[in-house]
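Note that chain A is present in both complexes that follow, paired respectively with chain B and with chain C.
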Partner chain A sequence: MNALLHIQNVTKKYGKKEVLKDVSIDVSSGKIVGLLGPNGSGKSTLIKLINGLIEPNNGMITIKGNALGNESKKIMAYLPERTYLNNWMKVKDILSFFSDFYSDFDRNRAEEMLKQLNINKNDKLKTMSKGTKEKVQLILVMSRKADLYILDEPIGGVDPATRDYILKTIIKNYSTESSILIATHLIQEIENICDEVIFLAYGEVVLQGSVDEIREEKGKSIDALFREVFVC
Partner chain B sequence: MAWEFNNNEPIYRQLLDQLKLRIISGVIGTGSKLDSVRDLAQDAGVNPNTMQRALAELEREELVFSQRTSGRFVTEDKELIQRLRNEYAHEKVRELTTSLLQLGYTRKELIELINGFLEEVS
Partner chain C sequence: MLGKLLKYEIKATAMTFLVMYVAILALAISNMIFNQVKFNSGIVITLGILVFSFIALGIVTIIMAVQRFNKNLLGDEGYLMFTLPVSSSQIIISKLLVTIIWVFASCIIAFLTFIILYNTYSDGHELAQLITEIKDNWNELNTQLISELHMSVYSFMAWIGSGVLLGLTEFILMIYTALTIAQLPPFSKHRGLCAFGIYVGIDVVLNNVIMTALIAIVGINQLDPKLIMIGGCGFAAVSSVILFICTNFILSKHLNLE
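This part shows the complex of A and B:
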């Protein structure tokens, strides 16, 4: 078994409420995987579990065969839904912060991307729009040479042109040794870049498969299928 | 030539069709070198694995070939390209005529329509 990320029979409860029920997922190297599900399906909980921010009640998560811990954090790059960076910092301070913190951080790559998106290194986060802050965070995460990238809603708050840039950046930067897990509602935007998608509903995996096989089998896009499965 | 995708069909097959069209129309010339998988994938906005799969299929159909160190090239077999071009034209004519015949046009009217159109564009 050579799964990069192995999630086995994971159950998570908040109090009495079971938010993930016996979830098992394997992600192998070199894949871009879309984690899709309606609000409250357990996406964020799953992502927090993978990052070791919370503990499962049952089951096990391993990365490259090792339990979660410092070693797994070194090879994972996580883009949380919310910012954790300090508002008073300038972009260049954050670059130094990341260089100190992560040995796999490629500062040149980050600076190049900042330039391409016309973001000034001397600007403070405080002065930036929500979308620009999101761009900065994504650039930081994608400038690491990690084995597993976990992106929680990476394109939610940015304009369509920047979305294209971000998706192209993801395609450009990822290597055959690394994998990317993208949690999002914007299915149409990401389905062409995913190898596989996972549908999560009410804490359970209801569908997992290759984008092209699903399209072949169902004769419709992942977006259309999602709307059908989760019709309100 | 821009990439265009229909979201209801497998991306791999659409990539294959569009790459073939680029080859038979000469956008990518006979014997010329293809961009890298990554560049092509980035340009099309698709997953590199999917692009790789489409290129592997083109290779299997002998429309492109790999040279171990220098990359992928379009075949120099002009006959093969011509044959594919004919197949493509045939398919387009078939689509057009079937749909118009279904609408109730006669053969004679069809030919007149086509000739009329050809005069307009010339």
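This part shows the complex of A and C:
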């Protein structure tokens, strides 16, 4: 089967500790999927595996039926939780960088979004606040016409207005050819934009399915369900 | 893609080196001017700072090699670099090449400084005269080299040049390998210290233990200058390849970004 993202029986161990146990997930095109789970659930590890930053001990991951490699990296856009930008660059330098390495990068779109958020192209990344750098990163990722977007805590450290802007941008990017995987704790905010959710706990998938179906079946919001499942 | 990686790597490092190059040349020229106007303290100060500057340039080059690898690949920026549609070998090569390019550029600056200082202190022994003297002795040097090493001056210079280049490559790759091993889980809590220790370890094993063993195998009586030169190049080349393979393997299969 040719799901956009196909994760099959993936296990990852760090030493003796099993961080992901026999995880199987399918994401098809045209979906916004929420990847939810508390700290230590294996979310970051799963995202690193999907991005090809680490390799699984068992199982396999394919993108459009192909093994992970340069070809899959060309069609994936990753927004990590941390700032990954080269600090010596100005905003216009990082725009050129993305244009150079990614043929699907829409520079005009990026410049438009920067203008909307009042970010000057000539500003040095080094002098920007963390929040502004995160906005720049988000703009860079969302200006790519990728098949799979992976956003790790995209609205975590930003103010409510920026949060709305980010969510609107994510929705605008929705197309039947691409999918967006959002890993987050802030379920209430993203619940209404997700088509599907995956709950991850202690390295295993405890629940996955369509948001509407789950809400109907469990009779509560995803946020409430999450709090119940992951009660401290 | 390698070209693009080289472009950005050069951009990231250019400012540091160009500033030092301009300072060094400015010092050499100032020294020349001070000599002409007989400003003695100026002469001494500029010479002193010049010597210090070259030492600083060497240290800065090593620090840059370490820092560019560590910060850009093993820190947060690694999340960007390793998700680019390029191979890890291309990434390693781009950093290695750019470091070598700066060392080469530094040598050119050193050469230019030498010419400026030679002109200042040669006391009438003009540069043109020096070149003529070298040309005159060239044939004699050629004959000697051919009889002792069976190679011409050009051959000899090529071997020495290769040896230096390969030695430099091995040195840089040793740094990369040490840094890469130190980011693995058992060492990652004390990366800096471990990287240094691992570097020393690699140096001892490669350049002391293995080299001594090879010399013992070949037999110390068999060693002649030519064999040392060619053998040295070969050893550095093989070491470089092994170190490259280690670094590449760890970065592509065991990357441990925090």
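In this section, the second predicted complex is superposed on the first by the 232 of 232 C-alpha atoms of A that agree within 3 Å, B and C clash if a C-alpha of one lies under 4 Å from a C-alpha of the other, contacts with A are read in each partner's own complex, and residues count from 1 in each chain.
We take it that contacts are C-beta pairs under 8 Å (C-beta built on N, C-alpha and C of every residue); 3 or more make two chains touch, one makes a residue touch a chain.
Quick caveat: nothing in here was measured; it's all calculated off a predicted structure.
S.K.: Taking chain A as the common reference, can chain B and chain C both be placed on it without clashing, or not? Answer clash or fit.
M.R.: They fit: once the shared chain is superposed, the two partners occupy separate space.
S.K.: Applying the document's definition of touch, where does A:A224 land relative to chain B and chain C: first, second, both, or neither?
M.R.: Only chain B is touched by A:A224; chain C is not.
S.K.: Could you say whether A:E216 touches chain B, chain C, both of them, or neither, answering first, second, both or neither?
M.R.: first
S.K.: Of the two partner chains, chain B (first) and chain C (second), which one does A:N39 touch, if any: first, second, both, or neither?
M.R.: Neither partner.
S.K.: Output check: A:K168 vs chain B and chain C. Expected answer is one of first, second, both, neither. What do you get?
M.R.: first
S.K.: Looking at A:N192, would you say it contacts chain B, chain C, both, or neither? Reply first, second, both or neither.
M.R.: first
S.K.: Return, as a multiple of 10 degrees, the angle whose vertex is the Cα centre of chain A and whose sides reach the Cα centres of chain B and chain C.
M.R.: Rounded to the nearest ten degrees, it is 160.
S.K.: Considering only the touch criterion stated at the top, classify A:N108 as touching first (chain B), second (chain C), both, or neither.
M.R.: neither
S.K.: If you take every C-alpha pair with one atom in chain B and one in chain C, what is the shortest distance in Å after superposing?
M.R.: Minimum over all C-alpha pairs of chain B and chain C: 27 Å.
S.K.: Show me the residue ranges of chain A that touch chain B in the complex, using the header's touch definition.
M.R.: Counting only chain A, the residues touching chain B are 30-32, 164, 167-168, 171-172, 174, 188, 191-195, 211-213, 215-216, 219-221, 223-224.
S.K.: Spell out the residues on chain A that touch chain C in their complex, using ranges where they run on.
M.R.: On the chain A side, the touching residues are 14-15, 48, 51-55, 70-71, 73-74, 76, 78, 80, 82-86, 88, 93, 97, 100-102.
S.K.: Along chain C, where are the residues that touch chain A in the complex?
M.R.: 1, 4, 7-8, 11-12, 72, 76-80, 82-87, 185, 253-255, 257
S.K.: For the complex, which residues does chain B have touching chain A?
M.R.: Chain B reaches chain A through residues 5, 7-13, 38, 41-42, 45-50.
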